[in-house]
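As written, the chain order gives the labels A, B, C and D, with residue 1 at the start of each chain.
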Amino acid sequence: MAEDLILELKGITKIFPGVKALNNVHFQLRRGEVHALMGENGAGKSTFIKVITGVHAAEEGHMFLEGSEVHFKGPKDAQEAGIAAVYQHPTSYPTLSVTENIFMGHEDIKSGMIQWRSMNAMAQKLLDSLDADFKPTDEVGTLTIAQQQMVEIAKALSTNAKIIILDEPTAALTANESEKLYEIVERLRDEGKSIIFISHRFEDMYRLATRVTVFRDSQYIGTYDVNGISNADLIKAMVGREITDMYPKEDIKPGDEIFRIEGMTRAGYFKDVSFDVKAGEIIGLTGLVGAGRTETIESVCGITKPDSGKIFLEGKEITIKEPLDAMKAGIILLPEDRQKQGLILSWGLGRNVTLPIQEELAKNGFNDEKKERNLAKERLEEVDTKAVTIFQPASSLSGGNQQKVVVAKALAQSNMKVVIMDEPTKGIDVGAKKEIYEIMGQLAKKGYGIIMISSEMPEIIGMADRIFVMCNGRVSGCLQRSEVTQERILELSMEKGDAKKGGAA
Amino acid sequence: MKKKSIGQFLSGSREASLVIVLAVLLIVVGIINPSFLSFTNIRQIFLNNTLTFLMALGMLCVMLTAGIDISITSTLAFAGMSIGLMQKYNILHNTFLLFIIGALIGVVCGFLNGLIIAKGNVAPIICTMGFMYIWRGMAYVISNNNWASGMDVAGFSDFGKDGAPGPYIILIVAYVLFFVIMKWTRFGRRIYAVGSNLEAAKVSGINVDSTLISVYTIMGLLAGLAGVLSVSIYASAQPNMQYGKEMDVIAACVIGGVSMSGGRGSVTGTFLGALIIGIISKALPMVNIPNFWQNLIKGVIILAVVILNVVTQRTMERQNLLRREM
Amino acid sequence: MAGRSGREISAVPESGIKEKLVSWEGALVLILVGVNILGVVISPNYNLNNVLREMPRYLAEIFMMFGMGYILVLGDIDISVGALVCLAGTVTVLSSNAGAPFIVAVVICLLVGLLGGMLNGFIATHFTELPTMIVTLGTQIIFRGIAEVLFETWGNGGGTASMTDTKGLMLLAKKVGPFPISFFCVIIVGIIMITVLAKTTFGRKLYAIGSNKTAAYYAGIKVERIRFICYSLLGLLAGLCALFLLTATFGSNTTTGQGFEMEVIAMCVFGGIATTGGKGNLIGGFIAAFIIVCLRIALGQRNINTQVILVIIGLMLIISVLVPSVSSALAAKRKKAGT
Amino acid sequence: MKKKVLSVLLAATMVASVLAGCGSAAQTAAPAAEPAAAEESAPAEDTAAADTAAADTAAADTADAAADTAAADTAAPAASGGGTYALVTKSAGNPFMERMASGFQEAVEASGGTVVIQNPEAATPDAQISVVQSLISQGVSSIAVDGNDANALTAVLTEAKDAGIKILTLDSDVAPDTRTVYCNQAGVSQIGQTLMEAVYDLTGGEGDWAILSATSQATNQNAWIDAMKSLMESDSKYAKLNLVEVAYGDDEPQKSTDQTQALLQNYPDLKVICAPTTVGIAAAAKVLQDQKSSVKLTGLGLPSEMAEYIGDDDAHSCPYMYLWNPIDLGRLAGYTSIALVDGSITGAAGDTFTAGELGSYTIEEIDGSTQIILGPPFKFDPSNIDEWKSVY
C-alpha cells in the first residue's frame, strides 16, 4: 500500500487485572485525515487512546509512527512525538488558570523563567479562535464543563501536535459550540494535521470523518469509508446485533399519578420546575449538560436544599429535608456518578447493597450479617450481576456490573415507589445496557413510577412514555411518546436566541 | 467588562482580604499602644518570627501537594543542636560552614520524609509524626543533657543579633527566591499541578514521586536552616527548642490561604499569614492583655480568621448564583 | 426478573481462623507477646504486679484512643484532645476545691469534655470546608487558653492546682487485686467501643463515611450528625481520660495532657487504622496501645533514656505503615518474576 | 493470601529487630554508664577544690557549721552501704539538671552505691510519674525528685513511700508530707531577700522593675516571686520600687524574647528586669545587650549560659546574678539519700549528718517542713565569672 500512514498500530492487547481491555486491535491513520473511532462505551476506545498517548503500556502489539516503531514509556514521550489528546473527562487542574492548564508541560520558558505575558497572549489567541467566553486568567475550577472542554481543546492545539486525538469533545457542547469545533477541526486538517475523533454522535462523524474504525467488546471490527457504509450497517458493527430489540419498552397503561413536583426552585441552578409521574410510567428528563436536570433531582431527593417547591407523593404533600426522608418515603435515587455517589468501591458488593437498609435488618442496632448476606445475594442475582461472591470489592467489577449493583441496592429497599435513575447507562457496555432497560421495563410493569435522566437521545426516545426537556434551569417542554423526535428534543434543549448569545450557557 | 464590586474583589483575592485583616489588626493594636508601630518593633516582629516565616515557605510547598509536615521543629532541633554542639566542643566555628551543615542535615531529614511518603505511599501526617518523635529524640540523645550556650556560640550568634542584617537578608532572599520559583519556573508550577490534580499530573508526564520528594526535601532544608538561625538568633541550642511550633507554621499557611487539600496557595499569602501570626504573638503582650489570656485570644483569632474566610466565600458564591439569569 | 443466566453468587464468608491469625491484628498479638518476653528478659522487675501498677497513667490515654479511632475511621482528625484533657481536669479540680462534692466534680469533668467535643463537632460539621486538622488546631489553643484563664481567675495563682479533697479520687485509684479500677474501665469501654464499631449499624456508617462520604450521604446516612456524635464522644472520653489522670496526679496544670493527641493517634495508626479513613479496627488499636505501654514500661525499667524510647516508637510507627506498601510491592515483584 | 503471609513475616522481622535493637541498647546502656561516669567524675574531681572553696565561702554564713563538725565522724563510716539511689530530674536536655545529676552520682558512687538517673521525656509531672512508677518497680532504695509540680506527684510518691523507698526532694519541692526531707538550694525567703536587694541596688532604690519568670506552674519560681512581693509590702525600704508586671517566658527562648521586648516597649521607664530562671535570664540578657538598652538585668542564671552578658559596663546587660552550685546540690541530695537509707538520719528536724566534703548539715524545720539548706545563693559578677563559666 502506498498510503501515507502517520500512525499505525498492530495487534495491540492491553490487560487490566481480570479484564482484557483491548484484544488484538489494529488502527491506521493517514496524514491529514479525520478518522472517526466508534464503538459503544466500554468497547475499549478510551484505553486505546491511552495506549497511543503512552499513559498505558500495551502488553502486546506494535506501534509505528511515520513508519518507524516507537515505544512510549510515558505520556511525555507521546507528547514529544507530537501526539496530543483531549480526554473525555477533562483532566484539568481546577485550581490553576486557563493559561496554565493549556501550557502545562510545554510552558514558554526563557532563561528558566515562565513567560506569563506571552503565554497569556497565546492562550487568548487560542481561546479567541475557539470563540470562548472566558479569560486566560480565569481559574479552571470555576468554569463549566463545556468551558473546561474548550480549555482541553486549546491545550491540544497549543502543542502544535501532528496527531490530535479528540475523545468525545462534543458531548458537552451546544450545537453552536459543536459547529465551531467542526470548523476548527477542519482547519487543522487542512493544515496537515491528522485527527482521531471519538464520538457517539453520528452527525459528528458524517460531518468530519473520511474513514471510521469500529471497536466492539475490546475487539477490532473493521475500518470503513464513511461514504461507503450505511447507518444501519455501522450500528450493527458497533452493537453486534440489530438495534430494534434494544429498548424493550412495553406499552403499559399508566395508572394514577404517583409523584409530582411543583415549582421547584434553587437559585442559580433551576427555577420553577414541575413534572409528574404516574404509576407504571417512565418519564424521561433530558436537556444539555448544565441544564439543571441532576440538580433538580438532587433537590427532590434531599441531597441539596431547594429554595422553594412542593413535592407530592400519591397525592399527599411530603417534606424532604435530607436523603433519608426521600428514601423513607419510597423515592429511590440511582445517582449519576456511581463510582463516587452510588457505591463504596472498596467495599464488598453485599455491604453496598444493604447499606441503606442495614438498620431495617438489624436487631437492636446490631448488624444481622446473615440476613444481610442472604438479601444481598438474592438482589444481586435478581439483576444478574456478573460476580463470584458478594464479598468481592465493587471496584473489581466492570462499569455495567457496578451499575447493576446500584440497581440491586435500590431494589433492596422494599418500600420503593418512585425510582429516579440519573444517566443509568452512562459508560456501560451494550449487553448490560440492555439488561438495565429490561429491568426498567419490568419495574414499570410492576407499577413503580420511573424517572430517567439521560443525555442519550436514543434511550430517551426508546424508553420514555413522556419526555420533559430542560433548558437553562427551566422545563422548556413536555413531549408525548407519540410526538417525540430527536429534532424536537434538540429544539427544546437549545436556548432561544442561542445563536445570538454566542453559545453562552 | 463589568466592574467588580468590592465584595467580589475581596473574595476573589485571598491576599486582599488578608491585607484588610492585617490593617485592622495594626490599627487596633496601634491605637492601644502606639509604640507597636515603631520601626524597632516592626523589625523585631520579623526577627522573632524568622523561623516561622522561613518554614512557612516550605510548608506552603508541602501543603500545595496536599501534604503536611509536622516533623519540622524536630528537624529544626536536631540540626540546631548538631551545629550548636559542634561549636561547644570546638569542632567548627565557621558561620558559613555551620549553615551549610545545618542545611544538609535538614535536607537529609526532609529527603527521608519525601522518600517514604512518595515511594512507600504513606500518609504524610503519619510519616512525619514518626520522624517528629525520631528527630526530637535524636536531638536529646546527641545533646547528652547539655546546651550550647551564649558563650559557646559567641561569634556565630552575631549573625542573628538584634540589629544584625543576617536574618532579614535570609528572609528577603528566601521570599524573593520562592516568589520567583513558585510563579515563574516549571518546577514551581509542577508543585501546584501535583496538588491540583494528581491523576492529571501523571497523565501529562509530570514525575509525581520526584516532585513530592523534592518538596519534602525543600521543607527539610528550610527547617535545617531555621535550626541554624534559631541557634544564632537566641544564642543557644537546646534539644527542646521550638517544641510545638510546627502548628504555628501550619496555622500561618492556612490563614494565608493555602489549602490543605492542595493546589491552592501563594507565597504572598503565606507571607501575610505568617505576618498575622507574628503580629498576634508580638502584639498580645503589648496591648496589656494579661498573660493568661494570650493563648485563648490567639486561638480565637486563628479560628475566627479561617471561619470568616469560609463565610465570605459562601456569601459570595450564593450571590453569584442569585445573579445568574434563568 | 430472575437472573436469566441463573448465575449463582456465593454468599459464604471465607472461613476465619487462618485469615484472622494471618492479619495485622494477628501480627500485633505476636508483637505484644514479643514485647512482654522482651520485658521479662531485660528487666528482673517486669512482672504482672509491676506492670499493672505502672499502667494507670497510660490507661487514661487509652480511653481516648477509642474515640480517636472513631474519628480516624471517619477520615477526620482531632488534635485538640490533649488540651481538652487539660481543660476538663482543670475545671474539675477548681470546682472540687470550690466545694463541689466529688460526684458533682466527676459529672463536671465529663461534661466539660463532652462540651469541648461538641464544640469541635459543631465547627467541623457547620464549616465542612475547613479541614478538621485546622479546626482542632484552633480549639487546641483555645482549650488550653481557657484552662490558663481559669487558673488565673480561680486558682491560687500560677498555672497549677491540686485537689484538696482527694477522698473520691482515692476511691477511683483503688485496686481489685493487682488490677486498678481504671483497668476494668478501659476493658469495659473498650469492649463497648470495639463492638459498636465492628458490629452495629452505627459502626458500619462510620466506615461508610470514611470510605466514601458522598456515597454514604446519598445512601441516606446522616453524615454530619454522625460526625458530630463522634466528636462529642471523643470529647466525653477525653473527660474520662482527665478523670482517671487525676487519680494519678491529683491535680492539673497547664502542661497536663501535652502531646496526648499525637500519642493516641500513633496508637491507632500502629493498630492499623488509616488516617485516610474507612480502614482498620479498634481491636488493632487496643492491642497496639498495650504494645506501646508495655514497651515503655519494659524499657523504662531498664532505665533506657526516655528520649530513646520515643525514637523507638517513632521507628515502629513508620515501619508499621510501611509494611503494607512494601509487602504489596514485593508481592507485585514476585508476581512479575513468576510470570 | 500471600500478601498476608508476607505482612506477618515482615511484622515478625520487625519484632525481631525491635527485640534485637532493644537488647543491644540495653546491653550497651549498662557498660556505657560506667565509662561515662568515670569520665564525668574526673573533671569533677578537678573542680572539686574550687567547689569546696565556693562551698566554704557559701557556708561561711550558715550558723550551724561549727556544730556539724562534731557529728561528721560518726556519719562518715556509715555511708558505705550498697543499695540503689535514684534521682529524678525535671527533664532531659537541661544542663542544670545534668550538673546536679553528676554531683549526685559522684556522691553516691563514692560511697559504693548504685546510681539511677532518670530524665523524664518532658518537663511535666505526668512524665515524672511514669518515671517514679518505674523506679518503684525496680525496688530502688531511695528516690530524690526535682518536682515539676507541687502536688501532682503526691499519689505516686506516697506509693513509693509505702513500698519502703526513702523519698527526698531537691531544687524544687513537692507537698511536704509526701517526702522526708527537702534539699533546698537556699531558703525561699533568703532567695527573695537576695533578689530584692539586687533589684534595690540596681534601680538605685526607686523606679519600675519587672519579673520574667518561667512557666506559671513552676513551684519554686512562684515561691520566690511571692517572697519578693511580700517583702516589698512589709519592708518600707522598698516602698519606692514599683513592680510593673510578672511576665512568663515558659522557659522558651523565643517566648522569653518576645516577653522581654514587650516589657521594654510597654514600660519605657523600666529600670530593672529580674529573671529567676536560667532560660529566661539568658534570653533577656541577649535582648538587652543586643538592643544596648539601659535596663539592667539580674536574677538566677547559669554562669556558662550567662558569661557573655555579665559585666559592669554598658556593653553588658547583667552586672551580677545569683545561683547555687548545682553540683553541690546534687551531692547534698546524694549524701542525704545515703544517710536516709542507712538510717543515720530519720528526716526529723535536728538530725545532723556529714555530707562528705560539703561538711556537716542539719535538718531544719522551715515554714512547717523539714529542709536542708545548701547555703545562700552565690553571687556571680565580673570578678569571678570567668572562673565559673566552664564549671557549670
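Here is the rule we go by: contacts are C-beta pairs under 8 Å (C-beta built on N, C-alpha and C of every residue); 3 or more make two chains touch, one makes a residue touch a chain.
Please read all numbers here as calculations on a predicted model, not as lab measurements.
Most contacts: which chain pair?
By number of C-beta pairs in contact, the leading chain pair is C-D.
Give, as an integer number of Å, the spacing between the C-alpha centres of chain C and chain A.
Those two chain centres are 44 Å apart.
Give, as an integer number of Å, the spacing between the C-alpha centres of chain D and chain B.
Here chain B and chain D have centroids separated by 35 Å.
Give, as an integer number of Å, the spacing between the C-alpha centres of chain D and chain A.
Result: the chain centres lie 73 Å from each other.
Check each residue of chain C and list the ones that touch at least two other chains.
Answer for chain C, listing residues that touch two or more other chains: 148, 151-152, 159, 305, 307-310, 326.
Quick check on chain D: which residues sit in contact with 2+ other chains?
Within chain D, the residues that touch at least two other chains are 92-93, 119, 122-123, 216.
Please list all residues of chain A that touch 2 or more other chains.
Counting only residues that touch two or more other chains, chain A contributes none.
Which chain pairs here would you call touching?
A-B, A-C, B-C, B-D, C-D
In their shared complex, at which residues does chain C touch chain B?
77, 123, 127, 129-131, 133-135, 137-146, 148-149, 151-153, 159, 262, 265-266, 269, 274-276, 305, 307-311, 313-315, 317-318, 321-322, 325-326
Which residues of chain C touch chain D in their complex?
19, 22-24, 26-28, 30-31, 34-35, 37-38, 41-43, 45-46, 50, 53-54, 57-58, 148, 151-152, 157-163, 166, 173, 245, 247-251, 253-259, 295-310, 312, 316, 319-320, 323-324, 326-328, 330-331, 334
Contact residues on chain D for chain B in the complex?
Per the touch definition, chain D meets chain B at residues 91-95, 97-98, 101, 119, 122-123, 216, 246-248, 252-254, 257-259, 261-263, 265-266, 268, 279, 282-283, 285-287, 290-291, 302, 304-309, 389.
Would you tell me which residues of chain A are touching chain C in their complex?
Those residues of chain A that touch chain C are 303, 322-324, 326-327, 333, 335, 340-347, 349-351, 355-356, 358-359, 362, 365-367, 373-374, 376-377, 380-391, 409, 438-439, 442.
Show me the residue ranges of chain C that touch chain A in the complex, using the header's touch definition.
So the residues of chain C in touch with chain A come to 1-5, 7-14, 199-202, 204, 207-208, 211-212, 214-222, 278.
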